[in-house]
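So, here come the structures, one by one.
Next, two complexes with chain A in common: one pairs it with chain B, the other with chain C.
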Partner chain A sequence: MEKKYIHSVVRITNNQLMHNGELLLTRSAEDSSWPVEMYRGLHLQYPKFFKMDNLCKVGFLAAELAMKDVGVSPETEKPDFSVLLLNSTSSLDNDISYQQTIADETNYFPSPAVFVYTLANIVTGEIAIRHKIKGETSFYIQEKFSPATLSDVAELGFMPHKGIREMLIGWVDFLEDKCDVLLFRISVNPENSISEWTDEEVSRWYEAGVQKK
Partner chain B sequence: MDSLILELKEEIIKSLNLEEMTPEDIDSDAPLFGEGLGLDSIDALELIVLMERNYGIKLANASEGKSIFQSVRVMAEYISKNRTK
Partner chain C sequence: MIYKISDNIISSLGFSSEEVYQKVKSGISLGKLHAGVFPGVEPFYSSLLNWEAVNQETVKLFSDGMKYTPFEKIAILSASKAIESAKIDPSSSSVLFVLSTTKGNIGLLEENGGYEEERIHLWRSAQLIGRFFKNPNEVLVVSNACISGVSAQLLAIESMQLKGYDYAVVVGADVLSKFVISGFQSFKALSNERCKPFDAERRGLNLGEAAATIVFHRGEPSQGDVVFRGGGNRNDANHISGPSRTGEGLYNAIQNAVKEVDLSKLAFINAHGTATPYNDDMESWAIERSGLSNVPVNSLKGYFGHTLGAAGILECIISAHALADNTLLGTMGHDTFGVAKNITINKETKTCCNLMFLKIISGFGGSNAAICFEKLG
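Let's look at the complex of A and B:
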């Protein structure tokens, strides 16, 4: 088993956005759109963002930060890079929105723009398109967040025969305004890394964003 | 016609989630697809739904949209001639 190293960590909770442990943004109001507030707070320019569902929006935002110091622009093709994500609610947040467009027989107008996001793995595609990532993309549905499962997926994701040397991997979940994101950029290269990838490290970064009651 | 054009621009912004845009940003005569607003195929489907939902116009097939969605002005002219609500 080849060692893996964490190069960037993004944590998004219901009301906080953190990058490498630094608090970047705090939600200003409960009734605001948290993904849109983060987009504006990060001063991003990507009009397609507004067409995305909430799951894609938070995945996109996390990827923007995780890829910020990757050393090459989003326009550079990345054949040795993968995107592997997990969550527990799939695309249910958007599925509910879509269901609302077909719930009333007298006002039955299924929205194509909402329908296209009724699959969780669309978020891996949006990230791959944005950053020209050409390696593997996968999305796994799990009952709950588990560092051990994340490690298993990461292990499978590094494919020496395909030359995969780096990846975005993490937990990207959004349902009815509840946001739970932990995204890592990891590599087999230890240079300039934050730490070695271990289950304990993954757990520590996840807990860093858990709200204390 | 001017009020329908304005209404249409507001509807397009809302339906296609063009949140960064205002009606003033949309040139009434600019192409909606390609170099103009840069809309895609899903946007075209959403415009077809908008025509039916708001104006009672049912397009028999998506290819009809090609001539109707040339610009906001062409769309407005088609709507004013064919609307049922």
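Let's look at the complex of A and C:
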């Protein structure tokens, strides 16, 4: 089994945004749009952000930070790079929005712009487009965050025949204002890494975002 | 080696792979224009399941007092038929289950039907399917839009290679709902008559309902078995709802799948062939770029419609049966060639005698996948 190394880690909870352990932003108010607040707080310029659903928004934001120190521009094609994500609620946040557009027969207005986001893997596509990532993209769903499953997925993603050297991998979940994101950039290259990828490290970074009373 | 030991299809054409395959071979499709199935939705051309027959079949299965949704019913029915003919013990920890679906129980958003709140979640259906078979492993759901069925096979096969499972049961299923049909209609992606893959007059896709299951085994195959030879998954990084015009991601996925494959054994390519203008053109680019312009290509969408999360599995099963039967299936609905690149569309069903097929598939999110199987001669 080839060793893997964590190069960047982003954690987003209901009210905090952290990058490599550093707290970057705290939500200003309970009723703010947290994804939009983060976008403004990070001073990003990517107008397509505003047409995305919440799941894509938070996945996109996490990827922006995780790719910050990747060493090449977003425009550089990345053929040996993958995006492998998991969550619990799939695209349900946006599915509920879409359902509202068809629920009432007298006010029936199904919109392709909303419908397209009723698939969880669209977030892997948005991230791939932004960073010209042309390796594998996959989205898996399980009940709860599991470091062991994440490690299995990473292991599968680096199987030698795939020729993949680097990936964004993690948990991206958003439902009705509840945000739970843990995104890693990992590589087979140890140079400039934060630590080796282990189940314990993955758990530690996840717990780092759990609010302590 | 990893090879297929059994399979099942639950579709409009029947409840066993063999029955369904024979009907496809004879050129039968039960697609038609449906009106009034879902209130408020415009008429749509589709191959719907015979739900009365599904309920009759499943009533025998469910003695546990648990109430299952239509989606769960067909998934369990299909898996149990495939497991029965594989003669394996699904409660063993050496058996991995993987579920492929796009929208699962999404119809519950419209009409909750008295199910518990968490039933809307894909993981919940996966959990219930695992529990039905008393399988101790967590059942992961693959949700990669249209390519889910091939993705799920690759996840299962790679997990067998890496984690040492002896068997994998890969189940794909989707049912149609107001949610799904209205969405595709809003995209203007549906044709109101039988779809015409790779045709000059193609106007869009048909949707269909189905469940399909493949049981894989890691071991020593015998003559005639259909063996996994390679797979690939690559993103276009181009657009979330349209493919790369030049088939970039699909070409890359094919290259990954055929890396260690002797392409002279290729009998046919089973394409996604949805009959949307963009998809079919894109596939012709990827096939030509791969140097496979002379390999016969077919699409099964004219027989079943696009069965979403089941499609990648169902179409591999039909293709494997055709390979075993030395048959090259025709492309129902195709009449006049009309795609960007000069590839070889196989119109009519005929005999053939080569050993491998390549399944290709693409979908929303810029995803593309390819998988290659060989019949041991």
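FYI, the second predicted complex is superposed on the first by the 211 of 213 C-alpha atoms of A that agree within 3 Å, B and C clash if a C-alpha of one lies under 4 Å from a C-alpha of the other, contacts with A are read in each partner's own complex, and residues count from 1 in each chain.
Methods note: a contact is a pair of C-beta atoms (placed from the backbone, for glycine too) under 8 Å apart; a residue touches a chain by one contact, two chains touch by 3 or more.
Values in this document were obtained by computation on a predicted structure and should not be read as measured data.
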Inset, instruction - In the superposition on chain A, see if there is space for chain B and chain C together, and answer fit or clash. - result: fit
Legend entry - Touching partner for A:193 - first (chain B), second (chain C), both, neither: neither
Legend entry - Partner chain(s) touched by A:203 [first = chain B, second = chain C, both, neither]: neither
Legend entry - First, second, both or neither for A:149, with chain B first and chain C second: second
Legend entry - Contacts of A:159 with chain B and chain C, given as first, second, both or neither: second
Legend entry - Touched partner set for A:50, first chain B, second chain C, both or neither: first
Inset, instruction - Identify the partner contact of A:111: answer first if only chain B is touched, second if only chain C is, both if each is, neither if none is. - result: both
Legend entry - chain A as apex of chain B and chain C, Cα-centre angle in degrees (nearest 10): 80
Inset, instruction - Mind working out whether A:15 is in touch with chain B, chain C, both or neither, as first, second, both or neither? - result: neither
Legend entry - Dominant toucher of chain A (residue count), chain B or chain C: C
Legend entry - Smallest separation in angstrom, by C-alpha atoms, between chain B and chain C in the superposition: 7
Legend entry - Residues of chain A that lie at the interface with chain B and also at the interface with chain C: 110-112, 116
Legend entry - List of chain A residues in touch with chain C within their complex: 77, 79, 83, 88-90, 92, 95-96, 98-99, 102-103, 105, 108, 110-112, 115-116, 118-122, 124-126, 128-129, 131-143, 146, 149, 152, 155-156, 159, 161-163
Inset, instruction - In the complex, go through chain C and note every residue touching chain A. - result: 39-40, 102-103, 106, 109-110, 120-124, 126-127, 138, 140-145, 151, 155, 158-159, 161-163, 178-179, 182-188, 230, 232-241, 248-249, 252, 256, 259-260, 364-367
Legend entry - List of chain B residues in touch with chain A within their complex: 15-20, 42-43, 45-46, 49, 52-53
Inset, instruction - Can you check the complex and tell me which residues of chain A touch chain B? - result: 36, 47, 50-51, 109-113, 116
